[in-house]
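Labels for the chains are A, B, C and D, by order of writing; each one numbers its residues from 1.
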Amino acid sequence: MNIDPRVRIGPLVLSNPVGVASGTFGYGAEYEGLMDLGRLGAIYTKAVTLEARAGNDAPRIVETPAGMLNSIGLANPGLEAFVARKLPELRRLSTSVIVNVAGSSEADYLRVVEALEEAAGPWSPRSGAGGATGQEGATGVDGYEINVSCPNVAHGGLAFGTDPAQVERLTRSLRAATRRALIVKLTPNVADIVPIAKAAEAGGADAISCINTLVGMVIDTRTKRPALARGTGGLSGPAIRPVGVACVWKASRAVGIPVIGLGGIMCADDALQYLLAGASAVQVGTATFVDPRAALKTLEGILAWMEGEGLAGIGDIGALFGRS
Amino acid sequence: MLQFDAQILGNRELAPGWKELVLRWNGAAGHPHAGEFLTLRVSSALDPLLRRPFAFASFHEDPDGASRAGILYQVRGKATRILADLGTGAFVDVLGPLGRGFPDAAQLEAEGSRPLLVAGGVGLGPILFLAAQLEAARIPASAAGPALIVAGFRNSAAIPRAGFPAGTVTCTDDGSSGYRGTVLDYLSRELPPGNWRLMACGPAPMLAAVATLARARSWEASLCAEQWMACGVGACMGCALPVPGGASFLRACVDGPVFGRDDIDWGKEGGGR
Amino acid sequence: MNIDPRVRIGPLVLSNPVGVASGTFGYGAEYEGLMDLGRLGAIYTKAVTLEARAGNDAPRIVETPAGMLNSIGLANPGLEAFVARKLPELRRLSTSVIVNVAGSSEADYLRVVEALEEAAGPWSPRSGAGGATGQEGATGVDGYEINVSCPNVAHGGLAFGTDPAQVERLTRSLRAATRRALIVKLTPNVADIVPIAKAAEAGGADAISCINTLVGMVIDTRTKRPALARGTGGLSGPAIRPVGVACVWKASRAVGIPVIGLGGIMCADDALQYLLAGASAVQVGTATFVDPRAALKTLEGILAWMEGEGLAGIGDIGALFGRS
Amino acid sequence: MLQFDAQILGNRELAPGWKELVLRWNGAAGHPHAGEFLTLRVSSALDPLLRRPFAFASFHEDPDGASRAGILYQVRGKATRILADLGTGAFVDVLGPLGRGFPDAAQLEAEGSRPLLVAGGVGLGPILFLAAQLEAARIPASAAGPALIVAGFRNSAAIPRAGFPAGTVTCTDDGSSGYRGTVLDYLSRELPPGNWRLMACGPAPMLAAVATLARARSWEASLCAEQWMACGVGACMGCALPVPGGASFLRACVDGPVFGRDDIDWGKEGGGR
């Protein structure tokens, strides 16, 4: 059986469903020596904000049972440096690049997207119609992932992501600014993810991704202080996988646009849980820290499983759900 | 930097709670310099989850082209307890060499100063590796005098049988072996005058004190910092260390772990071995 | 130093801060042969509902990384059988018994509490003023824990617990029905636990307990169905501990009443994180499945730590927070 | 029921993926009956988290008063992989004996029927234990005839070297050893007529089929069910099995794991070994 591993997200066709999650892969270069980046379905960059951010005080990470907390605080070089130093590198890649965007206000987000539209120029798919398997004509930016769900910044971040009206308005204003793939990244720190997912869809998003991290805290009983300088942080890793799968299962039944699933994916079986739950694609985050090749192994495992099940396309996976 | 499976050649106890792990793998992942490190995944279970960083304490290329590396480690928590139980022949997943190490022999030679190597706690491994590398490059024979190694321990029982070079000054808090007092007591009170060039690795409070002393005496100093790490390759921004003034950060894993005396706000480091 | 391990929750004085969590210890008898139940600070019973409930279809549990999902569905013999068969046993115990109450409507909760008030009679503390270290005069019910946060039932449950107005109204009506200790158990499945905690306080609760389980899902990629018959379940165990500590830290700063912390406590260090974060007492849940003696070991570890720190009372632990 | 640390006396392979664990502990935790089980915590790590249930396959009281118990297990996932790696001398945390086992010898004697013991997959351990207990109680000598043991395997290579009693009928799917066909094929086609009394342990589909057959032939039957367990002692309501009609549930861990033919809706069980 010939498997077609491609996945469509709005105007963009990803070469396969497995990407690497924002904040866990830098801007790609860090892992270049360890793997062929071209085999990734997409690279979701570390968040880009209008101004450079030094990030939160140290320590910023601590391990938890089957997980970790981080309070990086969106440390990034800022829009200008991103355009000057990272964009040229991203143009060279033969994989789709989704720029993760964060801000403290609607205007912030809009200015980042507008500036990137200008810097990258009008989008054209990397080699061939909608394909992402070459770099010819690449603009360096194949889409945006709007981070309205970061628990680690004082303003904006999580506050946006828990209010459907704000999510819809923000999405609509960004939609007007770009024809590239527009993905809204949702937080699990809500009573019900459905209204937020619907708001993103109503605002014109091409897809939603979920989940971002859960708010958590570790206290060092020796120092009697939080292990992270900032107090709370975002919980990621296999510990949160069941929460992510439940969110994707609910959200994918509520919206018509693709859902990109992430949270605790360590291997193909984990990714398949997301795809069976209704995700169209997945991202591998914390697992890359544990095994730099986790994303590629996940992809191989998905393809092997599809072969065993006799499936031709990624979309066929979700159709199997509940029909054993 | 490469990721590969290495086989355990040895995992012997050097003192209570101190062990030496010897790893062997085929092919070259690059010859590490003292201060550089590797990260290990000690088990495929999800708890503990993250890889753990350890500094190279020795490195050899075998005649058959295989690489052999040693680390000295202390059993502290979940991961090091699992590591301590692994037997000869088992495989561990290695990522390395990582980071920037101490200044190399050529640079020290050019400086013409006398190397002062200071170790505390789990900083011992990289300092012994540095001593061996300087020895191999004949740095002790440089104009300003042979390298001096000062290593601190709680007491004589806590000193690992790690093969210290001749002339190493061991300090113990209780005087049960060598100099009675901390490494810092020795440096500030007993050090013969000279054109010293400090290279240190140890717990955060020791590094902070050593950096202060170096500034006061106008010694050049390279200090090996520690910080919690997630990726080890510069991607996660997790291992941030504050630069003086606090407006920005450097990454322990790729900008360090060895930093210059004034690169980092040592007092605020947080981590520390 | 003489340590006084007692903790006051409204009218009730617990003999020590470590209880066993609802749903993980039955009604006490199951673990009686394995330990001295009198050494527990409190037993929080499995939920009692008005009518008997068979519970959800099987399978009801599945393991997850450092955690587990359950969808028991409040299986319990119902109010009448509880009064007839369990209450006499609970009277015999020399530890405080907090009856966990659940329902599908405000009226349900109220009828359970009213019926238990009548069956148990006016409360008198077990032996001595407010003490819980004897069984003399015990009524079998020393307080109520109101479960407005169960993710595993179709009606009520979680819906109540995410709406501050409903939580306040329910609490107020139960407050009018009992002078026993009234504890409201909160869910972490909200954007912000603070308004819910304040609502419970405003309604007259003597304490809040948090957290209940997080909504999660595991999919069996072999059968392509959820591992749990009901689909989603509640995530518990060490995986969720950072989420619980963060909730307790936030809630305890927002209310004046005691906060009882739980979620993933496996050992004394975990419990101390909760106590440092601001909890007045803790509960051990899933850990009991892993090690039936986990609660007692946790208590011993807390007392040893207090001894090392030179602390006299449980309340002194939280005072150390951030003051190393 | 007690909780205690037991030492591993043996952990040998019986066939690829099949092992026998022999545990020893001081003092008596109660003499288990076939069908009863224990739960093990295979490591102190938090992943895998929960204890794992295993049926007793043998039990002896040593002359010094110590207890010795065997289990036959298949390596399936995280916990059994860790268990398989544990060496002689290591300790594991045991809770047991738990649950209700098969009818005892006295009851079978009173029934006067002929015991028919049926094993599939990991149901082998408890069935061999039951055979041994009946043998010890001389049940094979009862009026209706000796006990017959029927055990099914995929092929001859998958048959563990577990010491089957003489006269055991082994069935293999491919006929590479013993009877060609499933246990169910044997029972429905080859079983000599008689006053059979069925006792079975195996995968859920096998149990469902065996229960149906037993109903059709009007045999009394005791079947050992399996279900995911959290507590193992009746406290969590996690191991629920539906009773026919589905209006209520029984707990595998304390109401079972051995149930009568009509106690459980075997077709809906969900779990199964």
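Assume contacts are C-beta pairs under 8 Å (C-beta built on N, C-alpha and C of every residue); 3 or more make two chains touch, one makes a residue touch a chain.
Predicted model only: the values in this text are computed from it and were never measured.
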| item | value |
| --- | --- |
| Given subunit B and subunit C, the chains that contact each of them | A, D |
| Distance between chain centroids, defined by C-alpha means - subunit A, subunit D (Å) | 47 |
| Chain centre separation (subunit B, subunit D; CA means) in Å | 54 |
| CA centroid of subunit C to CA centroid of subunit D, Å | 36 |
| Touching two or more other chains - residues of subunit D | 46-48 |
| Multi-chain contact sites of subunit C, meaning residues that touch two or more partners | 65-67, 237-238 |
| Touch-based graph of the chains, sorted into line, ring, star, complete or other | complete |
| Complex contact set, residues of subunit D against subunit B | 43, 45-48, 78, 82 |
| Subunit B residues within the subunit C interface of the complex | 46-47 |
| Of all residues in subunit A, those that touch subunit C in their complex | 64-67, 69, 158, 162, 189-192, 214-219, 221, 223-225, 231-233, 235, 237-243, 245-246, 249, 264, 269, 272-273, 276-277, 305, 320-324 |
| Parts of subunit D lying in touch with subunit C, wherever the complex brings them together | 1-3, 41, 46-51, 93, 95, 227-242, 246-249, 254, 268-271 |
| Subunit B contact footprint on subunit C (complex, rising order) | 65-66, 238 |
